[in-house]
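The data blocks that follow each hold one structure.
Here chain A shows up in two complexes: once beside chain B, once beside chain C.
Moving on, here comes the complex of A and B:
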């Protein structure tokens, strides 16, 4: 170990004295710092905007005048998905998914206002975030700084010189890897500070932040080990560079896209239009809940009359129209949930297909671990959609109950013809303020850690495998001095 | 000047025969290179090993340094086998390849300190400066980056390192190739000084005249064996140059 540390010190001194290395390292540090700062600022702004919008729509909802409950059903409200504190480090799928849902009766709308959809399209080139810098750019810098670390020694005869002073191949490789590891830590420092700052505001997020940090450290360690091993296996520094750039291209650029393409083909998602048309067709078969006399609800009418022991709906102690609306909402919502769950199942299946590629490239493993632990992954979005739908259903059913209990059937029937009856159907405004506001409950840090564990294990597997490869490289290097 | 006293002390502890090779057989890949080589170098002796390209000179050094495992025969450096006690052997051997691989971004002082650290040897700044002065590397040059050095200056740095390591055995691989006559003379002076301190020097070279000027014994390697061996005679004409040339010509024919 002592000799490995000496070799590491020598290699670090070389890197510090190399103008090219210093420029590369300085540029990436600056980029990492800029990414940390801009991403934190962006997330803080976005968080404030969404919170302000949520507060505004809640206020608008509460400030509605006295009106018929079913008008409130159609007035609707909005649900905004708040950003988790760690999204400043890794916004995950947030820019690509809608962040706002319009919630109303009889309909389940699509989330809108995804940053990528609303921007000029430049987002497709990737957002400058600390996670992007560490996952995409840092390995490339490490490749350029480390490709020659071992190959150079062999080409110059330095290996024999090192061996003749007592170093073994394993010392040389460990030393080179340690030096490159120190560079990786330096590169990760601004991102690490951003992560600590993000977690510091919410202490409960500290374990999740540690998982995000661990994922990235394992990922960078995998690259460091791969670079040292390939530099040892390659005959020349030039060969090592070509091999490593090819490895970066495949691991970071090609395979993630291949995985996504494969997942899309293996688990095809029906188009929105196709889904909507099918859903509309099925909805039509569920009758019109605005019309209490719709034949579809004849059986419901019979059961209701029987339950209350009356002959006519006029004799019911509740407003039959409100009951029909509630029954209609139950039926349509069941359909909405069924469709949403089917789509979510396909999306989860797609994700599982992509996850399998984590064993082909650590880039996918670190993305998964980072997004999941940070709470900015697909699961978080699906959770938002599910909670928003549950809230929508609950809100609409509360309004339907108010319709049934607070509005007289006779007035309801007459309200389009009789102004006085219409006034009597209006429910006092204080009711709107008593209805609960939407509050998104993200997965707890413990749940997120559990979900991130397989990806973290994959990264650990990569590191263990590459340590094995490095040991093989050391054996080979010992023989080829 | 402690650095310069040390090799003498080391030599005193070393056995009379510092390098002993007996019946050495070794291959490069599938090609047999050494076929029963036998030679020895005593403490305080310079042995020049000559031979045509591919004769096995560098392979001999590689076997002594433990870079390759011999197929048969025995090797010992100060009584230790490179196969059995590799680390111990490398601790007592200083090795100068044809092109000394120093780190270009470091100065001579930093290079020396780096390799001493690697070998686990602690030397003070005074000792390092003294060794560099002994090899006549100017103090200001010793603090410049090695990237600006001539080959001769690199050799001097490597010799200073050998002095500081107090190694009783020095292995040289084509040390004077590419050196101008002045630098070669200076290099020979340094080796002569090391010999005077009891260091056993095995020098692999093509430089027949240089070997004749410096060596105590010259061996000619051909077909994987020692075919000729000459001992230096007292007086200015130490070797019969005509015989050396003849032997060399025969070995390369």
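Moving on, here comes the complex of A and C:
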């Protein structure tokens, strides 16, 4: 171990003396700092903006004048998806999802307004965030700094010199890996500070932040081990460089795309419009609340009259139109939830296909661990959609109840023709303040941690396997030197 | 770039000095073909480009099929509405008309924004601003890494293969101890480097252009756009070849050359665009979309609480042609309903234009960055040819706006003149012509 430390010290001194290495390291540290700074500023701004939007729509809802409850059903409200505290480190899918969801009666909308549609095409090359720096850029810098670490010694005969001082191949490789590991830690420092800063504001997030940190450290460790091993296996420094750049390209650039293409084809997802049209067709089969002669609603009418023991709708103690709206909403919402769950199930299946590739590239494993623990993954968005739908249904049904209880049927049927009746169908404004506001409840850090565990395990597997590869490399090095 | 030891080609006897440039090229080609690792790396690139083209063609076919399915479903939806719509107002209220943006012939090569922005959208003749920005329910985690299309192979992978093939152009000869001999032949060395780099660059270009040409032919692309696409490929290969030759002839060791070229790639393709994105979005703030939608809703729904006459007066002042028909005599009339829908859009028209202009300015600024980062500029050119860039997404929105105007122009006469509206009229509703 002591010998390994000596080797590591020598390697670090050499790295620090090299101008190219210093420039590369300095550039990446600067990039990392810029990424940490801009990302946290961006997320803080976005967070405040979305909170302000939510407050604005809540206020608008409460401040409505006296209105017919069904007007309010159509007026609806908006749900704005907040950003989690760790989004500053890894915003995940946030730019690729809408952030604003319009909630109204009879309809289930999709979230609109995401960064991907409001930015230039440059967004598709990647966002400069701490996660991008650590997952994509840092490994390549480590490759540049470390590809020659062992191969150089072999080419220059330095290896024999080290052996003559009593060092063994294991010591040499461990030392080189330690030196590169120290560099990796330095590279990760600005991102780490960003993570600590993000978690510091919300102490409950600390375990999740630790998982994010652990994922990235394991990921960088895997690269450090791979670099040392390939540098040892390769005959020359240049061969090592070519092999490592190829490995980086395949692992970080190619395989994530291959995995996504595979998932898209293995689990095809229908377009939203197609789903919508199928849903409408199924709805027409079930019943049409706008059609008074529809068999489903004729049956509902018969049951309602029977329940209240009256002959005519006009004799009901409640407004039949409100009841029909509520029944119609129950019908449509059941389908909305069913279709949304089907779409969510397909997307989760796609995700599972991609996650299987975590064993082919650690880049996918670290992305999963990071996004999931940070709460900026697909699951968080699906959770938002599901909660918003549940809220929408509850809000609309409360309004329908108000319609049934607070608006006289006689006025209701006359309101389109008679201005005085129309005025009487308006419910006093104080009702709007009594309705609950939407608040998104993200998954708890504990839940996210559990969800991130398989990916963390995969990263652990990568590190363990690469330690084995490094040991093999040491044995070979021992023989060839 | 699995190939190592790209020097095998040069590992044969020093080139016999044959006069004439053509002789140089023929000899270099023959030498290069003997290097298994170099040929293998180009073959791998060709295979990846072929896979990318096949995936792109498959994706385009899938999108065409999805549009067809939507149009089929749409027909039965409209038939159902025709059955219960009693007047033009209810037909216009209930019918969501289909619009679509068919993939262009070259879309297979650069799928671009089509996984982030919808290419099918249904709109009603109601206030448009609340409908125009809907997104599609695609899996955002799959959009995150980007697509495996030819544009990806061109901008990310082809340069790395060129770096592998060209970084040791000169150093390989020195490291093999032949450089002195080569330099002793006056006048020939320059021709030699040109021929050697040219052969390798052409090999890489063919690996990209041949699959692209087949794809373009299968997709039925026009000659001009196909040539444009080929031009992008020639430009990209030429840029990286020049850069690599420039570095390779500086006389450093092979490994140093390779590291410098990889670092250049890293800066131009990874760091540059990411920093550029930050700079562009910071330089061009855009109005909030959420606020735009909210303002539109307030203006539309507020009409129910305003005097009807006031709404009609405002409508007539911007649409005087309907003044003779603007009188309403009861609380609810479709005239009034469509009038306030229109006023809702007019209320936010300026904000909506600013929102759109902001995105457009960001895209234009990104184009300027393309001049600083040539590979990015070239890739953007390919997306423009394929009509899959942000500008194409905005063009689609403009076409939806034009269609929406057609819908209004169709329904309004029935509504305002209170003309009867039967299935025959419904059959004449405007269709979204997917013209480019």
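We adopt the following convention: the second predicted complex is superposed on the first by the 470 of 481 C-alpha atoms of A that agree within 3 Å, B and C clash if a C-alpha of one lies under 4 Å from a C-alpha of the other, contacts with A are read in each partner's own complex, and residues count from 1 in each chain.
The working rule: a contact is a pair of C-beta atoms (placed from the backbone, for glycine too) under 8 Å apart; a residue touches a chain by one contact, two chains touch by 3 or more.
As the structure is a prediction and not an experimental result, all values here were calculated from the model.
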| item | value |
| --- | --- |
| Touched partner set for A:305, first chain B, second chain C, both or neither | neither |
| Contacts of A:185 with chain B and chain C, given as first, second, both or neither | neither |
| Touching partner for A:197 - first (chain B), second (chain C), both, neither | neither |
| First, second, both or neither for A:80, with chain B first and chain C second | second |
| Which of chain B and chain C A:263 touches, first, second, both or neither | second |
| In the superposition, chain B vs chain C on chain A residues touched | C |
| Chain B versus chain C as contact partner of A:7, first or second or both or neither | first |
| Touching partner for A:337 - first (chain B), second (chain C), both, neither | neither |
| Touch list for chain C against partner chain A, complex | 1-5, 48, 55, 58-59, 62, 66, 69-70, 73-74, 76-77, 80, 84, 98, 112-113, 116-118, 120-122, 130, 133-148, 152, 156-157, 160, 164, 168, 254-256, 258-259, 262-263, 266, 269-271, 273-278, 280-281, 286, 288-291, 293-294, 297-298, 301, 304-305, 330-332, 358-359, 362-363, 365-366, 369, 376, 380, 383, 389-390, 393 |
| Touching residues on chain A, where the partner in the complex is chain C | 20, 24, 31, 34, 38, 49, 53, 56-57, 60, 65, 67-68, 71, 74-76, 78, 80, 92-93, 96-100, 102, 109-114, 116-128, 132, 136-137, 140, 144, 147-148, 234, 236-239, 241-243, 245-246, 249, 253-254, 256-261, 263-265, 268-278, 280-281, 284, 288, 290-291, 343, 346-347, 350-351, 354, 367, 371, 377-378, 381, 415-419, 422 |
| Residues of chain B touching chain A in the complex | 65-67, 87, 90-91, 93-95, 97, 99-103, 105-106, 110, 114-115, 117-120 |
| Touching residues (chain side chain A, partner chain B) in the complex | 2-3, 6-7, 9-10, 13-14, 17-18, 153, 156-158, 160-167, 481 |
